[in-house]
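Each of the next two complexes has subunit A plus one other chain: subunit B in the first, subunit C in the second.
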Partner chain A sequence: MADFIKNPVVDLLDRNPEPVFSGKDLSFSKDEKAQIMKWVSSYPSKEGAVMHGLWLAQEKFGFLPPEVIQLVADEIGMPYADTYGVATFYTQYFKEKKGDYVLDVCTCFSCQLCGGYDILHYLEDKLGIHKGETTADGMFTIQEAECLGACGSAPMLQVTNGPYVNHLTPEKIDALVDALRDGKMPEFESVTLPQDEDELGGNRRTDVSLTPTYGVCPVSETLS
Partner chain B sequence: MPTITIDNQNYEFEGRPRLLQFCLDNGVDLPHFCYHPSMSAPANCRQCLVDVGMPQMNRETRESNLDDDGNPIIQFMPKLQTSCSMDMTDGMVVKTHCSSDAVVRAQKDTLEFLLINHPLDCPICDQAGHCPLQNQAYKHGPESSRFEFQKVHKPKHVDLGPNVVLDAERCINCTRCIRFTSEISKSNQLTIIERGVKNYPMTPPGIEFDDPYSMNVIDICPVGALTSKEHRFGARVWEMSKTASISTVGSKGSNCYYWVKDNQIMKVTPRTNMSVNEYWLSDEERLDCDRFNKNRPTGPTVENAEVSWEMAYKAASDCLTGIDGSRALFVGSAYATVEDNYLLTKLATAVGAPTPVYLAHVEEGHADGWLKTDDRAPNSQGCERLGLHAADVKELKARITGGEVDVLYVLEDDIVAAGVCTAKQLKKVKVILHHYHTTNQTLPAADVALPAAMAVETVGSFVNGDLRAQRLRPAKSIAGVNRTLSMEIGKCRADAHGTPFDKWYNESNLVNCQPGWVSIPEIASRLGHEMQYKGPRNIMAELAESDSGFTGATYEAMGEFGVSLEPIGVTA
Partner chain C sequence: METQSKAGDWRAFKRVLMPPVKDLHKLEVYEEHEGYAALREVLTTDKWDPTSVTNEMKKSGLKGRGGAGFPTGLKWSFMPPVDPDIPRFLCCNGDESEPGTFKDRQLMEYNPHLVLEGMLIAAYAMSIKTAFLYIRGEFADWITLMEGELEKAYAKGYVGQDIMGSGFSCEIVIHKGAGAYICGEESSLMESLEGKRAYPRIKPPFPAQKGVWGYPTTINNVESLACAPLIIRNGGDWYAGIGAEAHPGPVLYGISGHVNRPGVYEYPTGMLITDLIYEVAGGMRGGKKLKALIPGGSSTPILRADMIEGLTMDANSLRDAGSMMGTSGMLIMDEDTDIVAWLRRITHFYHHESCGQCTPCREGTGWLENIVTRIDEGEGNFRDLDLLLDLCTQMEGRTVCALADAAAWPVRYTIDRFRDEFEARCRPSLIPSGGVLENA
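So, the complex of A and B:
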């Protein structure tokens, strides 16, 4: 956001981009279609399935160029324009091609105070790219993100809309990048607040082991 | 009957009207941007906030709690409510900006937010002068902005489609245009893209905003974000006069306003008539301007030489004098008014000619079940009701080429362009022609050519395809007629307050033409048949009396919105 504040210019989007996918590549498999129809039928109106559909398409194609958004719209049976509006609203839907791993470094208030920008700049120096860019080998993209809702474990980052990496230090960044280069995604970790550990001997949430929400990484229920 | 109290005044209501619409209908001028009566209310502009309360009820007795004076205690909602999305209920108490300081403050603050990234380029904006944002900022807004930082810049002059240009900076994201394409025209071509301060309406990639009704979004846009490519920077709104009339590109007869500057039609906008076009106009009706301004004749001609009106009338009456009536052919026009066609039938009768025919201008497959019709002429029904019938082109052709016609009288139509015959084939025929344009292909063959006033220059009435008789009012004046003296013309600022010395006052572009209700009686009187009418109002009054097809269709009855006529079969 920092650059936008210095130079608040919104550019016109490319209104007639070259299609990236076409022909046979641009289609859903039978299973994927069935999955989308299942989502469609589980909402009062079919438009409810749009975010699921877009997410599935992003998992399949890696990102969402206009022709993929059109494909999702046709599959769900809702207007292309509305689907496009939804896709551009959420930054987690990638409208252009990104690296294999997208590192969303949080620089919102809590993370910023705890050194979020230091982490961001360390990562930029390490990978030799600026935020918003992708490494030449197409492996990493660094993005600056607004609050990801993990202020208690600041500074933190998120890997490709998936697991969070908490309490970041330069050493942790080094280890993370090495692991990702080897193809190992970080594990989901359930973090408690420091004051809770003091008060309640480790974890105030006694139901962590019982409630799946707390123990499972909130990834999408996609097919692949 | 349920009652509601708005600003300490009681109103009765029926059903469950929406609060904002009820207020507007009852003269409480609540400011609003995103609400439009024909569309859903997303309540996203937040401008129509009001304080809403209900009488406090005792839970046990189910009766209102009373205060010390015996009045019911009103429990107001904790936050202000958007009146556009608020359903009215019995006993509701509403405080608007007229009686509540909190509402005044809320409206002021909402406007301050809306104006944060608005460019304030009103001096060059087409919407200035009739801009809800501008008006409401003056009425309800803050004196100045406290936002002293750089505004967000968004794409400017983007061609959304063939007729609409977007200036995204001016947009306040009311989503009226998006709701129009999704709820009214159903083309679904627009959406709001991006989020937060970056959002603006746009077509998705690869889609052009080529909806045949796309230009309606220009009117419903409460700011100058969507402008007409055709009319952009054409004229400021206060320089133009605005005349309530009807559109003439098809037989729908959509109600519209003609906007005129310097005697030229600058733009056409819809006029609300819930029985005909509701709030909308098609793009073809809106772009119907150049026809009235370009290729207009400079005066009457005889044998293609320009003459005075006197000489032209004389020449026309000479053509009709001492003829064999059965060998004269009168062609009426579905472009001409009921009055003019009626006078033509009287003239035909006077010279002993058979009842006129008219040329149908039907384009199969043009209709879309909404405002576009197959019939591309505005008054076919009016002709039919007068006893004129659509001509069989082949039969007409055979008669003219077979030498059965000595005199051909064409009222405001183009018999050559319609494919009846060629100009050469008319050489031996005396042709009297009322024409609109110098491009009229019958003109070279015309012995007497009389420039005719078009629908925007004459007084008259049309009967649309749905049997609704509606009035035309002159939007622009014609040469030799003072525009304010001519009947029922729309006044602009120059008319109301100006003098000929004002710099905006302009007498250019006056077309030297005459309406049929002036020229036909002139010809008739030279033939010894006086037609005693003061004007089209009297002609129509006579028709409403004498012709069962026009019962009730007086000017007074037609008024602004027209009257429905009975189907001919029933009355005849």
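So, the complex of A and C:
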């Protein structure tokens, strides 16, 4: 047998890992089941609800091992293989256990030219891990993300598929990591439109507390 | 060269997609500023029926803002005649994952009800009873905001059954993506909605004939749909009179990169690129010189600084200059930019985001990345440049969707327009002709 068949060049997911959840832990509550049924009813076919269902499962269990995917499949009533196919297609579904906080640092080209890799390397040095790895205490995972659609406020990162943190500097990273260690998620940052700054004197929203404005992007030191 | 601008007196332009109103995202504020007035007019007066709404959209000359620039009114008119037994669907494409583009997110944050109103007008024009708003999963905070505002619109009777007592009903469902660039492509967006892997479909059949769940479907970008209430309120002629003649309307320019004031700006189409960089966006960072820019997202061909003199931001002008309007997400690069490293990052992006359905794209994007990486690290040969161009030819137009083309164009045009920088990075071995060896 050729070598590459025994040792595939690509790291494939372990399709049958030891189950992490079992018994009573591995179930949806009554409210969650009702929510899934509501989603199922809003699409012409039940399969439409699968992405909502997987999101719900990921929020509850933290990641999606096969037994959780099976649970979602059973709840919606679609085959496991199809559900597994969806879960593995999209990057935001975690198929393996991650840290408590997943830091997705955007390095796509707008961020790259404005210091995205500087931020990534600073974060790697600070936490002592490489991208794709999790710290020993299981608190942080660093990932390199593709364009997150916040090019005007580069460099930026996203915390666990949630809030965006814009205009990153090493100081801001330090403060963010300290806050996360205390269990404090960053607040929603509304980015002020430059035209609003001229015409309204600041952010147009009065219901958000943090309102940083577009600033000058930093100069990048490294590009890869 | 002020006279060449097609945007008229753009300094006096009053924003309409995101007018300067505090808290416009709140329903009560939106109502005070003509909110849902266009929908009310369409639903309750005799002036409008589905055909006249579509005709007004055609008259406006609105070209889709999602990248391809297809006329929106024309797209609406492709829907087959109404058959009460066959459901029809509208999808609003808020996937916005083209690198360099960040306008739809801002529109959804600052004027969400304009988007919802536009969806409802589009639904009325095509007799659609269910509309999906697909938003990429990374925009979790903005999805929460949209869901909250949608709930308020439901409570006020703007969405749902028998809207404003007119007998017209339309439900809006917000669908959260989960991180896949390919979902911005219309047919893979439909696959994603159906709860499958987002593999693009072969066209034809086009979505208007056989779309989501096999039923007639229309898919429009967030910004395109947000223009519909404005066109109804002010008339198609008003819209057609803004900006460049062949590509009219207000447009959201997302300017990022090495400028002093990056951000989303609303101005008419046909703005001079030099105006956008040096006046609107506050000039180049640190007073540096401009080296290059991409006018509309990562897959639009790059333009050198010497190519933009007198060039305006509209489809025809950019096409003549050898580029495209795309999503009008502009990336500005100053003289210190390393073009090879930049291209390496783009090829990495497309390699990562290729869905893997078609071989030329799945393998081709990988090889593009490998070869550009080799050149960037100083290990490349001159013949690698031709190999890259050859690869691009093998990818373009040979796949189900346009991702392979989108991946190949940046490589082709960047090498074409910055060949000297690539050659300078290559190892001077295997040189095809003499003369260059002296530099070794």
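The definition used in the following text is that the second predicted complex is superposed on the first by the 182 of 224 C-alpha atoms of A that agree within 3 Å, B and C clash if a C-alpha of one lies under 4 Å from a C-alpha of the other, contacts with A are read in each partner's own complex, and residues count from 1 in each chain.
The definition used in the following text is that a residue touches a chain if its C-beta (ideal position, glycine included) is under 8 Å from a C-beta of that chain, and two chains touch if they have at least 3 such contacts.
All values reported here derive from a predicted model rather than from experimental measurement.
Note on subunit A: of its two partners subunit C and subunit B, the one contacting more of its residues is C. Once the two complexes are laid over each other on the shared chain, residue contacts for A:Ala150 go to subunit C alone; subunit B is not touched.
When both complexes are overlaid on chain A, the residue A:Lys131 reaches neither subunit B nor subunit C. By the touch criterion defined above, A:Asn16 lies against subunit B but remains apart from subunit C after alignment on the C-alpha atoms of chain A. In the superposed pair of complexes, A:Pro79 makes contact with subunit B only, with no contact to subunit C. Contacts of A:Ile69 after superposition on the shared chain: subunit B is touched, whereas subunit C is not. Of the two partner chains placed around the shared chain by superposition, subunit B and subunit C are both touched by A:Phe89. Comparing the two complexes, residues 82, 85, 89-91 of subunit A contact subunit B in one case and subunit C in the other.
Remark: subunit B residues 150-155, 158, 168, 178, 181-182, 188-195, 197-198, 200, 202-207 touch subunit A in the complex.
Partner subunit B is touched in their complex by these residues of subunit A: 8-17, 66, 69-70, 79-85, 88-91. The touching residues of subunit A, when paired with subunit C in their complex, are 42-52, 54-55, 78, 82, 85-86, 89-93, 107-110, 112-114, 146-154, 158, 161-164, 188, 190-191, 193-196, 199-200, 204-207, 214, 216-217, 219, 223-224.
Contacts from subunit C toward subunit A in the complex involve residues 15, 18, 20-26, 87, 96-102, 105-106, 109-110, 130, 136-141, 171, 173, 175-181, 192-198, 213, 215, 254-266, 281, 285-286, 298, 329, 331, 333, 337-338, 341-342, 344-346, 349, 352-353, 355, 376.
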